[in-house]
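Read from first to last, the chains carry the letters A, B, C, D, E and F; within each, the first residue is number 1.
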Amino acid sequence: MQHTLRSFDIALDELNDRIGMMFKLVRKNVRQCQKAFENRDSALAKTIIDRDAVLNDLEVGVDEAARQLIVHHQPAASDLRFVFAATKIVTDLERMGDLTRNIAGLIQQQNNIEQLAPDVLKSMTELVVEQLKMARRAFMRRDTQLARQVIELDNSIDNLFINDQRALLTHMAESPELISTCMRLSNILKQLERIADHAVNTAEMVIYMVMGREVRHISRQELMELLGEDDDED
Amino acid sequence: MQHTLRSFDIALDELNDRIGMMFKLVRKNVRQCQKAFENRDSALAKTIIDRDAVLNDLEVGVDEAARQLIVHHQPAASDLRFVFAATKIVTDLERMGDLTRNIAGLIQQQNNIEQLAPDVLKSMTELVVEQLKMARRAFMRRDTQLARQVIELDNSIDNLFINDQRALLTHMAESPELISTCMRLSNILKQLERIADHAVNTAEMVIYMVMGREVRHISRQELMELLGEDDDED
Amino acid sequence: MQTSDVFIWLTVVLAALGTVAFWLCRQRVLAAGGLADIHSRPGYYGWYGVLWLLLPALSLGLVLAGLHLFHLYSLSMNGIFISCVVAGCLGFVRAYRLVEPRFRARQAVEAIVRGLLFVAAGISILITIGIVLSVLFESIRFFQVVSFWDFVTGTRWEPDTAFLIGAGRADEGVAVPHFGSLPIFAGTFMITLIAMLVAVPVGLFSAIYMSEYASHAWRNRLKPMLEILAGIPTVVYGFFAAITVSPLVVELAGKFGLEADYTNALAPGLIMGIMIIPFMSSLSDDVIRAVPQALRDGSLALGTTKAETIRHVVLPAALPGIVAAFLIAVSRAIGETMIVVMAAGLRPNLTANPLEGMTTVTVKIVEALTGDQEFDSAFTLAAFALGMVLLLVTLTLNIISALVVRKFSQRY
Amino acid sequence: MQSNNAALKRRYRADVRFRWYGLIALGFAISFLTFFFISMIGKAWPALTQAEVKVNVHYSEAVIHNYNKAVGKKDRRIVSKYWLRGLPRMLKAHPEMLGTSEERWVLAESRVDQYLKGHEGHGLKSKYRKRVDELKAAGKTRMVFNTGLFSHGDSKLPEAAGIFASAIGSVLVLLITMALAVPVGVMTAIYLEEFAPDNRFTQTIEVNINNLAAIPSILYGLLGLAIFINFAGVPRSSALVGGLTLALMTLPIIIISTRAALRSVPESIREAALGVGASPLQTVWHHVLPLAMTGILTGSIIGLAQAMGETAPLLIVGMMAYIPEEPHSILEAATVLPAQIYTWSSESLRAFEERTAAGILVLLMVLLSLNALAVWMRRRAEQSW
Amino acid sequence: MDNKATVKIRIRDLKLWYGESEALHGITLDISANSVTAFIGPSGCGKSTLLRCLNRMNDRIASCRVQGDVLINDQDIYAADVDVVQLRTHVGMVFQKPNPFPKSIYENIAYAPRIHGLASNADEMDVLVEESLKKASLWDEVKDKLDQPGTALSGGQQQRLCIARTIAVRPDIILMDEPCSALDPIATAKIEALIEELKQEYTIVIVTHSMQQAARVSQQTAFFYLGDLIEYGETGQIFTMPKEQRTDDYITGRFG
Amino acid sequence: MDNKATVKIRIRDLKLWYGESEALHGITLDISANSVTAFIGPSGCGKSTLLRCLNRMNDRIASCRVQGDVLINDQDIYAADVDVVQLRTHVGMVFQKPNPFPKSIYENIAYAPRIHGLASNADEMDVLVEESLKKASLWDEVKDKLDQPGTALSGGQQQRLCIARTIAVRPDIILMDEPCSALDPIATAKIEALIEELKQEYTIVIVTHSMQQAARVSQQTAFFYLGDLIEYGETGQIFTMPKEQRTDDYITGRFG
């Protein structure tokens, strides 16, 4: 239902849209990282780094908008949960932005990393991009099931990351000359893993926003119970 | 001045105290990490890891308290800035807690890391602990000068980190058998560096809280101008 | 004992007994329980005793006095006195025995007082019934003699011979009396009309000036002055109209070449109008001032002048009240007696010329009832018939005005 | 925003005109009032003095049987018959004066009085006029303050007529009115305003009361006549019947003003009292009545003032009879001031006219003081709120 | 104070009619001792009506008929043998517009204790008056002018005087019907601070139009709509996570 | 709408006395066109007084004396040649309590245009009435009962009727003195929504006791204290980052 005060709706919508936009930008960054990595595209990496400023501004803008919303409209109940979740999610998104910038930085210094384990990065990127897509959709649609999938997907990403990491260690032990290159690659993977973690955070805030229950530090099992096990199948 | 409504003051104070307490816990964690590292104290590491739950609870608690405060008292102006800053700072603090937990985890897996570069970790820890102390004080006293110092100290920590990192890389190249150990140490240092970054975030929020100016993504120079260059000396 | 002595003695004795009763009951309850245990404040137990003393005594007294007055049953004054006191004491004893801590004295006292208030309220009903009956019965007797139709439509009012007929001398060939009341009502109407022509504009504009234009201080001076007009007894107005105004009217009419009677309708009409000004102005002033200030502000804020605001907002808002004031003023004018008795004529006269003498309903009533006639001749009974018409007209006006007020009272 | 257009000017002119209508209306009312008082005082003024003549009086034995013998033939029509009539009684009371004679100031006959005051239509025959002129020339006439006006009852002789008896009558009637109307009226109002459930019966009473207030006073006379006199047999012309009649007439006024006073006590006061556990009766007794008291008193005073000036119903119940003596009980025939005024006003003698005016002045004075009292109290009540 | 709230007022399936029209459609509600319960809801939803059931102020309205139970301290206040006057001393009421008696400040407080015989002499009365004014946080402001009329105080002070007057008869429960709606924000804040104090000792039920006020002062909130109790719970929960959509809509400003 | 606000009302060192007491101590303030400016501050600080200076409603108070300038569209409204009646058509006012005239809804609107001759025939008047009611978001609710009395509407509708009435004379500026304080939250929200609409076309100045309301509806906020303008600025800024300590104290509830 609409608020009696149109400006309230407008303000909420704007907040919502900005966050949706940030989700998109982050996803774009992640995808472009992969591309830059594959193509040794330093210029693209530069674009990614430059885009960080946009995300930074968006973060500060969303926070300011949220504060103005609190001051102007004294949101309560579902509105308050939304505004609160927004200020939390935006921090995560900004951090994701930072992380992609880091990746881009590492890519700029790249020396043949892409030959080391091109697929590793690719599959990781794909998972993260997929996760970000789901996270955004979960947020925009207030969909807790999607949010749950985001959280579940994190498991796969973590597993992938651990495997890759182990592979890299082996690699380094085998060819010490590649250590710094491997370290960089490891770093990139690490950043991607962090992005996934932050995506999980946003999903948790979506669940809070919709259900009013804090799920930030509860066990996976509790979470599943909360969201309903039966929907697990599809 | 006091609020006419005592419960408002009580709620604000409680929020304030909880965050102060989180600062203290994080600092304690960092210090104990160093101790556990030095003494190969796996049990202490375990304590640190367990303490994370406390910080998690505190985070959720502070957020809940902040929301209740918004709902109950519709804070504006300085109160609103405080409540907003609190919800931001608490995220950083919780993350710091996670990072110390990570360090403790790495320490548990330790094999002779401490012999590698005991001083490195020590000096880094000292700086971070000092920074956290200042950050807490800046927050509790609403002191922007202290907050500035927190931010400045981050430079030293970053430099130290880069040097250490470089040293470790050299080390790894020299003794490939130590690669995974070095990687862990590098990781620990990385976590400490992240803690320092988060401390900077809290300091930035303190500045916002006091002055009402967002300083999150502005250049160091702008920041210094804002806070008054003349105070730089002392 | 004299009647007045009984009054005095009864007052003295009952007052003394009452004091004792109050004290006795209060002590009895206090002796039986502490302050915390007793249901009501101790005074209520006292009052309970007092009421049970006074009520039986006084009501018996009233009944006995009534019986005496209506010559139904007579007791000597001493007898009345003694039986009253005895009744009071019996009542008190009953009350005294009921007094104990759990007794709800406050409720009991309040129930009694409430009953008394109710009885008082009932009296007004009795008065109305009394008036209606008194007028109705005699009117019915009148209409048994005179046809209602003739009374209402007849144009000749020549009742003088009626009392001869009433005295059983109808067969002596006296002229047939006529009870055509039309000229009387026409006279009443004419004088009322003149009065309203004076009172309405003067009263209304005075009210507007006082409530809208005059400063607070001036208003406080002007309003009592106008109210003096209402405080002057009608007999004085009548005197003034007859002695001062009527000659003046005759003189002035003469100057214009017109001929006026000394009992012309103009003089009493004018004076009656003046008498009514304060009714009009005070009531209008009240209703105009009752129009919320917010409405004036609202109108002025739209860029209207003061007069526009008054004409278009204040007066329409106050209109129901003004109409009610007007109707009440009309009914005053119709029922007004002394001015017309003293200044208007006695001769019924069906004319539209206010300079001629004419008479009114009230004049005829007074004329009929202040003579020495028997009360049951048609001549005197006619007064009651006229009275009934008067009653009906004023009641109708009053009810209409009440309806007007009620219909519009929720408007702001 | 300059006021230069014609329409606006027209609107402002209308504004000014409107204000003038009000001023004119007020001016009319107030000039009437002034005219009225001036003319009334002018008429009444002469009545405050009374002519006396100095004549020789012989207190002979014969006077006891024929009081006319007390003064010389020339003076018989000049001195007041009223004074002459009183002589036998005085001589019986003071036998020692028998046989003496003196020259003394004596109340003059009303026509002489009028003549001396120089009024037109004094009605004094020319032969007496000459005698009066003589006396006047000899300094044997004088004007004194007319104490008789205040101490005598009514009389057919204008020079002896006073308002005393009617004033006493008025007081008696008012006492009865007050004793009946005020308590019953106030109690009725309290019942209706504070306790009555909102049902048919209450509504009937309310409608009744409003109607009663609007009924012309003369109908109360009819009521008194039909019920008190014809039915209950209360003596005609008595203060009791007058008081009863006026009480009925005053009752609705008192009820209505008391109700208004009670209603003007804000509902919040009642809620406050009930809210702290006062019973309804305590609420009324402790809070509402004290606050409404000035209003109730004001209403009662106005009601009584109206009753005091009322004439018509009293005419109907016979209180315009000729009553020279003040009444000693409420059952005796009595008259009241306004009725006295009415009776005098219908007398044909010129001397009665000024007495009427004087009576009116006295009545007005009393009534205006009562009304002033009411106004003052009302204003005080307004201030205290 | 311990958190385990004892129930002070039990309302069970309370229905109320004004003449033919049903204004309350079966309300069931438990009100805890020593806490503040707020009634909120759109105009005409029956908040005041329900409040006035709790001290039977509705008895004054002839057309008003009640069905169901209201138990205060487990006693049915609509039972036949209940003395309304006594009930009202136990359940005090503070009204929307401050309504001090037009008497001195002292007399305003002393009136009710006097008719209830709560003080046996003048000294006791002085103590009682002082105590009540202190509890109402008004003593310091008026102690030097106790003989001045209560109506000469400012609006906020008058309202506190009314609260002191209510306290003076030592009630258990204080009902407040929009007690701040005639006051400015500063006076309102003072009353709210006072309510916060009073809940230590009294059970307070407050009707308010201001959701913010309900959020500030109350521990429990009941949301009414068209004579129905839609939702009742902890204030914090109602304002952050209401269970009912209608509550959410009302609280977030999405109504009508 | 473009953001570069043009100044509509210039207040320059405005002082105002009621008799001997100075109620405004030299206010200087610029009010922008097509935006909502809110006046806030504790009771008696002179908000209403200043507002009523802007259409010279204060002229009605005999004891009131003004010094300094108020310029509307760069014209001094206190100049000798200014016609108050005409001024008030340019500067409409809406009052605290809805005060519709006791006439039909139609007549409520048509009254002032008729006096000012804004419609030359009945059809034009119909159009004007409809237009005004539409602008006041009331048309849909009343279009079928234009001949019913305006007083029969609900409080919120009445207030919108008053706004429509003001709009009908085509003012530039609308002054509102606590226009929602007599309304319940839902009606208040509707009025606020209306104000939001109206600021597209009109310059609106609103006095409000509710800081939340000021925050919701206004673009600029002026904080007054004891007859002084303490702070004036963007609403968002005033409520998050006031420059003056007193503003912060008032806004955060630390006053008195």
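Throughout what follows, a residue touches a chain if its C-beta (ideal position, glycine included) is under 8 Å from a C-beta of that chain, and two chains touch if they have at least 3 such contacts.
What you are looking at is a predicted structure, and each value in this text was computed from that prediction instead of being measured.
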Ordered by label, the neighbours common to chain B and chain E are A, F
Taking shared numbers over all numbers used, above half giving same and below half different, the chain A and chain B interface sides are same
Could you find the chain whose CA centre sits the greatest distance from that of chain B?
D
Select the chain at the greatest separation from chain F, using centres from the mean of Cα atoms.
D
Please identify the chain lying most centrally, where each chain is represented by the average of its Cα atoms.
E
CA centroids of chain A and chain D: separation to the nearest Å works out as 101
Hey, how far is the Cα centre of chain C from the one of chain F, in Å?
51
For the pair chain B and chain C, the C-alpha centroid-to-centroid distance in angstrom is 92
Would you kindly tell me how far, in whole Å, the mean C-alpha position of chain D lies from that of chain C?
18
Going by the contact rule already set, what residues in chain D reach two or more other chains?
11, 279
Going by the touch rule set out above, which residues of chain A reach two or more other chains?
3-5, 8, 67, 71, 73-76, 80-81
Contacts with 2+ other chains: residues of chain E:
85, 115-116, 186, 189-190, 211-212, 215, 239-240, 253, 255-256
All pairs of touching chains?
A-B, A-E, A-F, B-E, B-F, C-D, C-E, C-F, D-E, D-F, E-F
If you look only at chain F, which of its residues touch chain A in the complex?
186, 189-190, 192-193, 196, 212, 215-216, 235-236, 239-240
Residue ranges of chain C touching chain E (in the complex, touch as defined)
35, 41, 104, 106
The answer for chain A against chain B in the complex is residues 53, 56-57, 59-60, 63-64, 66-67, 70-71, 74-76, 80-81, 84, 87-88, 91, 169, 172-173, 176-177, 179-180, 183, 186, 214, 216-217
Where on chain F does chain E make contact in their complex?
42-43, 184-187, 189-190, 209-212, 253, 255-256
Taking the touch rule as given, give the residues of chain E at its contact with chain D in the complex, in rising order.
55, 57, 60, 62-63, 85-86, 88-89, 92-95, 97, 99-102, 111-112, 115-116, 162, 165-166, 168-169
